[in-house]
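Below, each structure is written out as structure tokens.
Consider the two complexes below, in which chain A is the common component and chain B and chain C are the respective partners.
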Partner chain A sequence: MTAGQDGRAFLVLDGLTRRFSGRPAVDGVSLSIPEGEFFTIVGPSGSGKSTLIRMLAGLERPDAGRILLRGADITAMPANRRPTCMVFQSLALFSHRSVGENIAFALKMRGVDAATRRARALELMELVRLPADYLDRPVTQCSGGERQRVALARALASDPEILFFDEPLSAIDYRLRKILEMEMKDLHARTGKTFLYITHSLEEAMVMSDRIAIMRAGRIVQIGPPREIYARPNSRFVAEFMGEVNVFAVRGGRIEGLDRPAAAQSGFLILRPEALRPLGPADHADVSFPARIETGYLLGSRSQLHLSALGRRLVAELPGAAAAELRPGQEGRWGFDLADAVVTPE
Partner chain B sequence: MMRARGWLAALPMLTLLAAGFAAPIAIVAVTSLMPPRTFSLTGALALSNYLAAFTEGYWRPLMWSALGALATTAICLVLAWPTANALMRLGGRVATLVAILIALPIFISESVRLFGLSLFLMPGGGILAGTLNELFGIRIGSILNTRLAALIGLVYIHFPFVLFPLMLGLGLVPRDQVEAARDLGASGWQLFREIEAPLAAPGAAIGAMLCFVLALGANAEAAILGGRAVTVATQAIEQRFSYAQDWPQGAALTMLLVLITALVVIPLLRRVDLDRLIGR
Partner chain C sequence: MGARAGRAVAAVWLGVVVTLIYLPMLSVLLASLANTRYMRFPHRVWTLDAYREALFGVGQADTLRLHQTSLAIALAVVVLAVAIAVFGALAFARARWRGRGLFRTLVMLPIFFPQPVLGLALLLALTAAGITPDWRTAVFAHLVWIAPIVTLVISIRLYGYDAAQEEAAFDLGATRLQVFREVTLPALAPGIVSGALFGFLLSWSNLPLSVFTTGADTTLPEWLFSRTATNYSPLVPAVAVIATAASAVIVAAVAVIWRLAGPRRG
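Up next is the complex of A and B:
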């Protein structure tokens, strides 16, 4: 697919590159995002996510590459003219303005009259579930979750073609984050807008996204729907980014430590913790071995176990009930089916 | 107990303020109410000096000083804003160097600098006129000894007093809010009006106050660059005290100057959040 030729292409990044004192922070990123998609870019801290999204918003100038929106080249368009809007990591609410003034800021910039601005602010507050009496409250008096909603409403006020989010939930505690994740997804569905979301949490990305791109050191290493990223990581990096996994090296076409042929000459065999299971006397698995349980933790409805097996450590995850009788120190046979494992080339 | 100790700790400062600030002002205030051309503090109190200030033309120097201070403050703010912005954006060594170059002249006597400026502006063989004539054969007159020259001198002298507080103020404007405003469609002017100006206001206000108060009491600019074109308040006051030997009249003019200062400074101070500027 060439940039701009895909009929569905709404936002197209073509070889976007940004260097800081010679070192590339974003290194030739090409992407195509269809209209209305919830697209998430996930990567560890420092992988260039913020730099990428800042280039899209017009706050950072690319050293190379192009940005096309509906086929029009917006690479050189200044931030204030772009029909895009961003929710910042810090939220960047205007500290000297009220909730309503923050939300209606974009409208004021366009010369919309005060009464209309007020009415629109109230509408948006309803959309993001902020009580109407917050209108004249200083933003500095809002709680974390409320500020989040103000930032969202403010970004929506200008009716942008696409919304950018730079880790807006990273500073929010777990419970509230879960709620806001669902609200974000819901808002996406209700507004029908294109969302380009950035996070370092794959879990967050999984919950909300239509498609996910994994970013590493300025490059996109894998793109796909959440299910595919989870089931078929194309590298050890992506697999490990997803959470704890068991990695076996593959060399010369054989899986090291298991002494079995692999589907590839070299690379890694990735085994998710939930693919490992204890085997009863009558149970069968493609690969089985004796193992000893070292430690076990209860993770809500699931249990995580650390096993000593094959001369190394393995991580297993079982539903809470299945782990009920398992205790540290117990020895037994464990195993997995090769269909549940993935071989990656790198 | 704590309260008592607090007062005790404040005592040296309070004594200093009482002796060095409150007492002289009080003496001047009483003097201003004495009969004209007397030297005692025990005469009958009267407002005649204040009346004379307006009927005998002393309002002119007061007005020139106030107008000059206002104009200086406004011009300095307009010049300092983009300068401060550029210096903040530039950052690093170059910005420090430029800031030092702007600050250094403060350590040189004001009169010396003003005489320098006067040499520069002098007609005929002056630096500006002479150079233009010598190199390009252009003959120009001179603005020396005009109100404009005095105003240029005022701006030249007081610019750093606006620039540095303003830089401090602009440092308070969060970068992300500026970017958010841009992202939400603010043009350069809107960015200034909606974000930078309100958030940098404490710094701008401090700079403006310093500039206004200093310019209001300035006389070297008018004397050295303005020639006889304008008499400023401090010059008039000095004349009352020395040549005219009319201390009560001089004191009344002084009190009027203090009043103008208070009218400008107090409302500003009430509105400015000084705590924010010093990071509290």
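Up next is the complex of A and C:
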């Protein structure tokens, strides 16, 4: 990867802020993204992630802060002059044009001749694995996955430095989404371009990203590689984003409900469902307690169990085989090791 | 058996409705083929005299002038109404701004005004302003009523249209002008064509506004009305048939051009 003087100074956001009728939607976001990274911003709806990416694309003007690309200030540069391209949530394909015309649109705007446009469109269609005979097909006749590929090819046509993605997979069914996630990751590897992706699904982000930023109420609350976000969430908010977790309050240096000392004065002890396990007579765990299985669900390769223990409800997840003999109503000893739990300050 | 009877009733009903709609139009055609001032059927003499008079007779210049006046008004109305309506529709169906609701109400209000009242009001206003009415003031009067309708027709197109397409085009390097030409206009095109056709026909056939605002100029509907009231002859239905044929030719021509020019604009 050919980075500038410093690989980390490829795209820099410096105190980026946008207010809507006085209220900040994006509140002083600073980030540095190296060239070629697949960077994903994850947040619930209303967290400001869409506004943030629209400012980066040049479709929204920041009230404060700067955007630097390779050290050059592009804050005031309009979208049509920025060397970046966006794949929209609705895809925003030109509905009255063919697949080829959609893909080559950026080239047409630059005055590239029809023959060259056609050749380039075919090249891009091969890159995103669209059959060549789709060239003259109206986009309205394409399936969901095909439309997705058209949108990707269209965004790549002008050879942008950065590709932005505004939740393009959010309206797609699970199976196709899984396929497209893999294709996206593959495309990122093959093009070597910087991808900046936003989604409300941390699971989707985990699959594709080099690094993830979690956004909440206009601010970035945690940044790191997927493994770190999963293993070391720095807040209850981040931990709960991935799915169901067991949360124990920490007050006065003790874990409530377990009556044990905690590594912090206050905050939360976060326990992922897979950290809980049933204990045999000879098994040992840092924390153990009697529990009763209330309900169980099969999630394909895993099973989710709801336990009542310690005067509350706990969620556990076990591999399918391990859960095979466990039935609702069974009572037994369960436990976990403190090394598998995380204490967060908030 | 019930279903069959139901279908038979429906067929008869359809026949009655179609007859009621088209028979009067047919009777105009039949009346134009007579040579008597009084409508009596069947004619004793079938003749094309009325057409001969309309197209080549002594009064020829006058009847051709009617078509010219009506056509000039209708074309001017279409061009201006479409220009106003495209931007009006964009302003109220798309852009979000304070006062949008009021703007929409104000634009739409003239449609609900009784046309004779609107015509009278405009005539009074013109007189007060010291403007002598002629066909150009009629263009203005028609616009007051027709531009809102064309706006409505075009804005219906905008509701089913993903405005992110414009942002996407801008993001892909198009200038604002290119965005309008390459994305907005093609998306609006079907609305513009139907709006223009609609506007043309509404102006071409308008009587209540024209009566008040054409001054010394006379449009087709005005002439048909006054000649039927006071000085009827088969010339009247003959001119009516010619006018209908002319507007049918124009509508058909637009439809054919549209079909040939834009199969992929759908």
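Going forward, the second predicted complex is superposed on the first by the 339 of 346 C-alpha atoms of A that agree within 3 Å, B and C clash if a C-alpha of one lies under 4 Å from a C-alpha of the other, contacts with A are read in each partner's own complex, and residues count from 1 in each chain.
Please note the rule applied: contacts are C-beta pairs under 8 Å (C-beta built on N, C-alpha and C of every residue); 3 or more make two chains touch, one makes a residue touch a chain.
Keep in mind that what you see is a predicted model, and the values were worked out from it rather than measured.
After superposition onto chain A, the partners chain B and chain C occupy overlapping space and clash.
In the superposed model, A:17 lies in contact with neither chain B nor chain C. After overlaying the two complexes on the shared chain, residue contacts for A:138 are found with chain C alone; chain B is out of touch. After overlaying the two complexes on the shared chain, residue contacts for A:170 are found with neither chain B nor chain C. In the superposed pair of complexes, A:308 makes contact with neither chain B nor chain C.
Look at A:79: by the touch rule set out above, it reaches both chain B and chain C. Of the two partner chains placed by the overlay, only chain C lies in contact with A:98; chain B stays clear of it. Residues 57-59, 78-81, 84-86, 88, 90, 92-96, 105-106, 108-110, 154-155, 157-158 of chain A lie at the contact with chain B in one complex and at the contact with chain C in the other.
Residue ranges of chain A in contact with chain C, taken from their complex: 57-59, 78-81, 84-86, 88-90, 92-98, 105-106, 108-110, 138, 140, 154-155, 157-158. Within the complex, the chain A residues that touch chain B are 57-59, 78-82, 84-86, 88, 90, 92-96, 105-106, 108-110, 154-155, 157-158. The touching residues of chain B, counted against chain A in their complex, run 174, 176-177, 179-187, 190, 194-195, 198-199.
For chain C in complex with chain A, the touching residues are 161-162, 164-165, 167-175, 178, 182-183, 186-187, 264-266.
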